[in-house]
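As structure tokens, here come the structures.
Two complexes, one shared chain (chain A), two partners (chain B, chain C).
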Partner chain A sequence: MSTQSASRTPLAVLISRPWIWSWAAAALAFAATLGLTSGRGAGELAYAALSFGAFAAIVGMGQMLVITLGPGNIDLSVPATMTLAATLALRTMGTEPGTALYGLVIALAVGFCVGIANFALIFLLRLPPIIATLAASLIYQSIAIWSNRGLRIKPPEGLAEFATGRFLGVPNVAWVALVLAILVWVLLERLTWGRWLLATGQNQRAARLAGVPVEAVRAVTYVSVAIFAALAGYLLASFSGGAALNMGTEYLLMSIAVVVIGGCSVAGGDSNVPGVWGAALFMFLVVSMLNSYGTGAGVRNVLTGTIIICIVIAASTRRARQ
Partner chain B sequence: MSFFSRYRILLPVISLAVLLAATFYMQPRAMSYFGLNLLFNLAVPIALATIAQMMILMVNDIDLSIGAFVSLVACVTATFLNDAPLLGLLILAALILAYAAMGAVIDALELPAIVVTLGMSFVWGGLALFILPSPGGAAPGWLRTLMTVKPPLMPMAVVASILIAFVTHMLIIRSGFGTVLRGVGGNARAISRAGLSVTRLKAWAYGLAGFFGVLAGMALVGLTTAADANIALRYTLLSIAGVILGGGEFTGGKVSPTGAVIGALTLTLAASFLSFLRLSPDWQIGSQGAILILVLTARLIFSRKGDAA
Partner chain C sequence: MTKYLLGVAAIALMAGSVQAEDTSGKRIALSNNYAGNSWRQAMLQSFEEVATKAVADGVVAAADAYTTSENQATEQAAQIQNMILQGYDAIVMNSASPTALNGAVQEACAAGITVVSFDGVVTEPCAWRIAVDFQQMGREQVDYLATRIPDGGNLLEIRGLAGVFVDDEISAGIHDGVAKHSQFEIVGSVHGDWAQDVAQKAVAGILPSLPEIVGVVTQGGDGYGAAQAFKAAGRDMPLIVLGNRQDELQWWSDVHAESGYETMSLSIAPGVASLAFWVAQQILAGEEVPKDLTVPFLTITQDTLAESLETTPAGSVANIAYGMEDAKEVIASAK
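Our next item is the complex of A and B:
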């Protein structure tokens, strides 16, 4: 595909990029919402979309790496990891000022341990990743319940200010997600490790025969997704004024949905960082669009589901044409 | 090979037996008609949902919407089927057709099932919320009677489980049609070379899943007498776990209906067992995960033995 694109017009090149569709959908939802208010509140809407989209983008990029590993690879422990990391980090910080960095280290350490545990189940016990991460997530959930004790500990003031603050008019959490996105993109497109990951996802056997350390690639990927989830949990808890036991729930479906809408192949071996960002914005914007049109929760869900399926169908027919 | 296949069903049977023995040891009073009924009561809808999930795994797909679908069926059962039985039946039939159509579309357009079912879970959940915005409704009288019937010798839940396992075993393992359906998971290309339409067969597999999903929702309402839009959301994960516990595989059309039913019973029993242990409620969910990992680890030993034999 990339060899052909050189001779095509810029527009054709743009359309051939799989990430353009999620951005177009996000722009459409944005325009449809503003159409109702005849353009008022554009800045606020964009700001909210960037804030909430950032969390979805962070967990989505982690999930993307795992899904890139190939069929059957998925991490269902994302919500539990988010909750556990946030709970333990906030408990350690105990609203003391100046402990934000300490809390971050705790959260990332939780993510690291969870990733190692998940991969141990998958590699040592040879469990299918779906079932291994599902069973393990029940345990993480229990640890979170046990350490939380129903208390809602506030984040330290400075951290809360950072999580809800802005820099150059863009929410700080969006900056974090953006930096991560660039890191992941460089990793995937420019570094050997990313090539190994894609090769593993396209054909694990061929990759192994070609000398790719397949198991090491898988291990690092499962640890990365857990660390991404932990970071998202830490930021989300600081953003929303404390960790709650159900704070991660919606991010399970969200993390998978943004990967798919973003144009990554669910069969693995193909990933797409900008698309995930576009999809994360889209998922927020579509809900706010339906909200501003005054639809009830039931109708909103039906429409969200229908839109997801329509995008998947559109993406697949586009692939078939090429 | 015959050794291997015999071992496959042994594992779910042994794990259920061990767990049952442990439960009886902890709580000897459970060893009665009434006790067994209490232990396994809620297993019937879970077993039916597990069978539904098995139909999808059988054709190499996965269904992330079955929990939302069972919730929707429960809402329809507690409202329309109770107030206007004919309309209710029509809606349930339409839901089964919708499932079959979903299977046909997934195959015809080569869509990833995991994503389509994920999207459909929003649709089913939204419809359920639309029908029943707040918990309520009532179970039709005949359904309530059916689910609380007290047959001689064995409690209803046990009889129903055996019946479900027998019927689905005959359908999927023994019948020619079931063999072809499993063939779609095993080697879809061979099936289409043999002149059969894979799209039509996938529609059948999904339709069967929808049918058992409908039965699961109805059974659930018969037990709980009321419904709400989130009543069965956890069934999605439970059903996947049940199929795998029962010796099924994610790919290759390797499924066992009997194993799936036993897997569902094991999961239900694990919850009861943990409450008998007087474990702190904090750790109940976690121990369920630990039991799941333990049983699946045992599966590893069995499959190694199977490879050797």
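Our next item is the complex of A and C:
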């Protein structure tokens, strides 16, 4: 990132990382909540943050890949994809034991098809991604409504136990999100494909002239975000006892917020996996903190907005100075 | 048209007996602002069942349901304008806003169309309103808790969607109830957006900072999520007032079998759409109907749990289908 980091102190190096701000904010929110209880319930709060942060982290990483593609690239069909994948998967499983893997395949297949459809609209019809994914999401949501009329089907027991269970004291869903985070990090930092993605995001024309298969990179990215959303929907429905038509609603803004707070560049070409995880934890902890302090909904929204703006400013001024 | 109808009603009254007008040529439309949850889906289904049968029986000529894709007042206003142009005789509506659609409703009234709003009612005076006493729904929860836990204790409040009229009303009722039963104190309040997963997340976040909770007051669609969060935190299960969703009733029935857990469940039945349909039909038939009607909410107790659970489809909401007689009863009780 910076060639001068070798000559700076470790603290300065740490502060220069854009992801540090979301982690610092999450830690502050955590400490402030525990300040109210004088330390009681720390484990409980951390466990809840990891559980719920995992869903935001999974959709956030998908959204991060798309936003990294450069200006104008975004996937607004994330909530509808989550709902559709979860609805179809849970309906196929129909609470039968031993069908968890089959359901997972259905969910991922839905994600794959949604991704292909989104990219087809963007590539073949030359629609701006914001319009294409928003319009397509109405179709996905309608299919979800039509396929099940809003009935909430329970997940098979084994799957529900896995989704709400823990391993080594950490929620299983957090392990899933963690493994995905490592995969995405390796992909971005160590593999050619990641370099192609960053190059495309920094300057699409230059990347194309340099021989990067730009359209292939975009296609794979739009399919990835849909698959991530589908997986998050599948896990969330298994975790919360069924797929509901409105289950994805809050993940539209959430997926974009964690990318921005995580220190990724909204203009593209600069992604940041650890930052997204920190931001996902922060988004849960800040609401918990404000709820614990008993602030009303209006004040809570104003404070959440203000805090987000502050973190984004902090993270982006650091980047600008480098 | 309205004048004509009033005239007919007046003559009929003078004659001493109300002669119902034939509505077999009338067309009724449902204007719905949102379809994205199980309650709304059950509502649309209720309307469809009643409407299909009414058309088949020749009670009305047509009864069509329309839903806007986004939950927005502007879109619903355009939808109502289309209905005016299509020449419907009555519009039954669940409104996106109590005030933002008044202009469109006024246009419909001016075109001689009967407008009946329900659940999400409109304030425009020319329209009829089938409202639920949401404040009472809140008060009743605390009254119930007072009978079960006479010593009182700490309560957790789960609210709905911030900024929505219904959320403010139910919450006001709950706070009213707590003021009356001063042995209770609300120590925490979160917004669950009437969705189980959102409620679960919000409750899981606030629980670590809360003292012992004896009861949870809710708004519907959030009780199961709250129970999951208490279970995950390893806390004693408080008395959670439920909201008639099938998964909540199933959970209640399961824990009752396990440990004798008892609670209550209350919400508006989605069938209120069918009630609104029959009220509109009665108005078209020349009945004199007061502008403000109240529909009771559907309460499920330990005694009626098994029966309700049996009649509620898996994953749906407990429901009542209203018929023409029910509409006449509601109208008579409002006079």
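We adopt the following convention: the second predicted complex is superposed on the first by the 317 of 322 C-alpha atoms of A that agree within 3 Å, B and C clash if a C-alpha of one lies under 4 Å from a C-alpha of the other, contacts with A are read in each partner's own complex, and residues count from 1 in each chain.
In the analysis below, a residue touches a chain if its C-beta (ideal position, glycine included) is under 8 Å from a C-beta of that chain, and two chains touch if they have at least 3 such contacts.
Please read all numbers here as calculations on a predicted model, not as lab measurements.
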{"item": "Fit or clash between chain C and chain B when superposed on chain A", "value": "clash"}
{"item": "Partner chain(s) touched by A:Leu253 [first = chain B, second = chain C, both, neither]", "value": "first"}
{"item": "Which of chain B and chain C A:Gly72 touches, first, second, both or neither", "value": "first"}
{"item": "Which superposed partner A:Gly169 touches (first chain B, second chain C, both, neither)", "value": "neither"}
{"item": "First (chain B), second (chain C), both or neither touched by A:Ile313", "value": "first"}
{"item": "Contacts of A:Leu127 with chain B and chain C, given as first, second, both or neither", "value": "first"}
{"item": "Partner chain(s) touched by A:Ser51 [first = chain B, second = chain C, both, neither]", "value": "second"}
{"item": "Chain B versus chain C as contact partner of A:Gln141, first or second or both or neither", "value": "both"}
{"item": "Contacts of A:Val302 with chain B and chain C, given as first, second, both or neither", "value": "first"}
{"item": "Part of chain C, among the options 97-105, 223-231, 241-249 or 277-285, whose backbone runs into chain B after overlay", "value": "97-105"}
{"item": "Residues of chain A contacting chain B in one complex and chain C in the other", "value": "138, 141, 145, 297-298, 301"}
{"item": "List of chain A residues in touch with chain C within their complex", "value": "33-34, 36-37, 40-42, 44-45, 48-49, 51-52, 138, 141, 145, 149-154, 164, 236, 239-242, 244-247, 249-250, 284-285, 287-288, 291-292, 294, 297-298, 301"}
{"item": "Residues of chain A that touch chain B when the two form their complex", "value": "71-72, 74, 76, 121, 125-128, 130-132, 134-143, 145-146, 253, 256-257, 260, 266-267, 296-306, 308-309, 312-313, 316-317, 320"}
{"item": "List of chain B residues in touch with chain A within their complex", "value": "62, 64, 105, 109-112, 114-116, 118-131, 133, 229, 237, 240-241, 244, 250-251, 280, 282-290, 292-293, 296-297, 300"}
{"item": "In the complex, chain C residues that touch chain A", "value": "35-38, 40-42, 45, 69, 159, 162-163, 188-191, 193, 195-198, 200-202, 204-210, 224-225, 228, 232-233, 245-247, 313-316"}
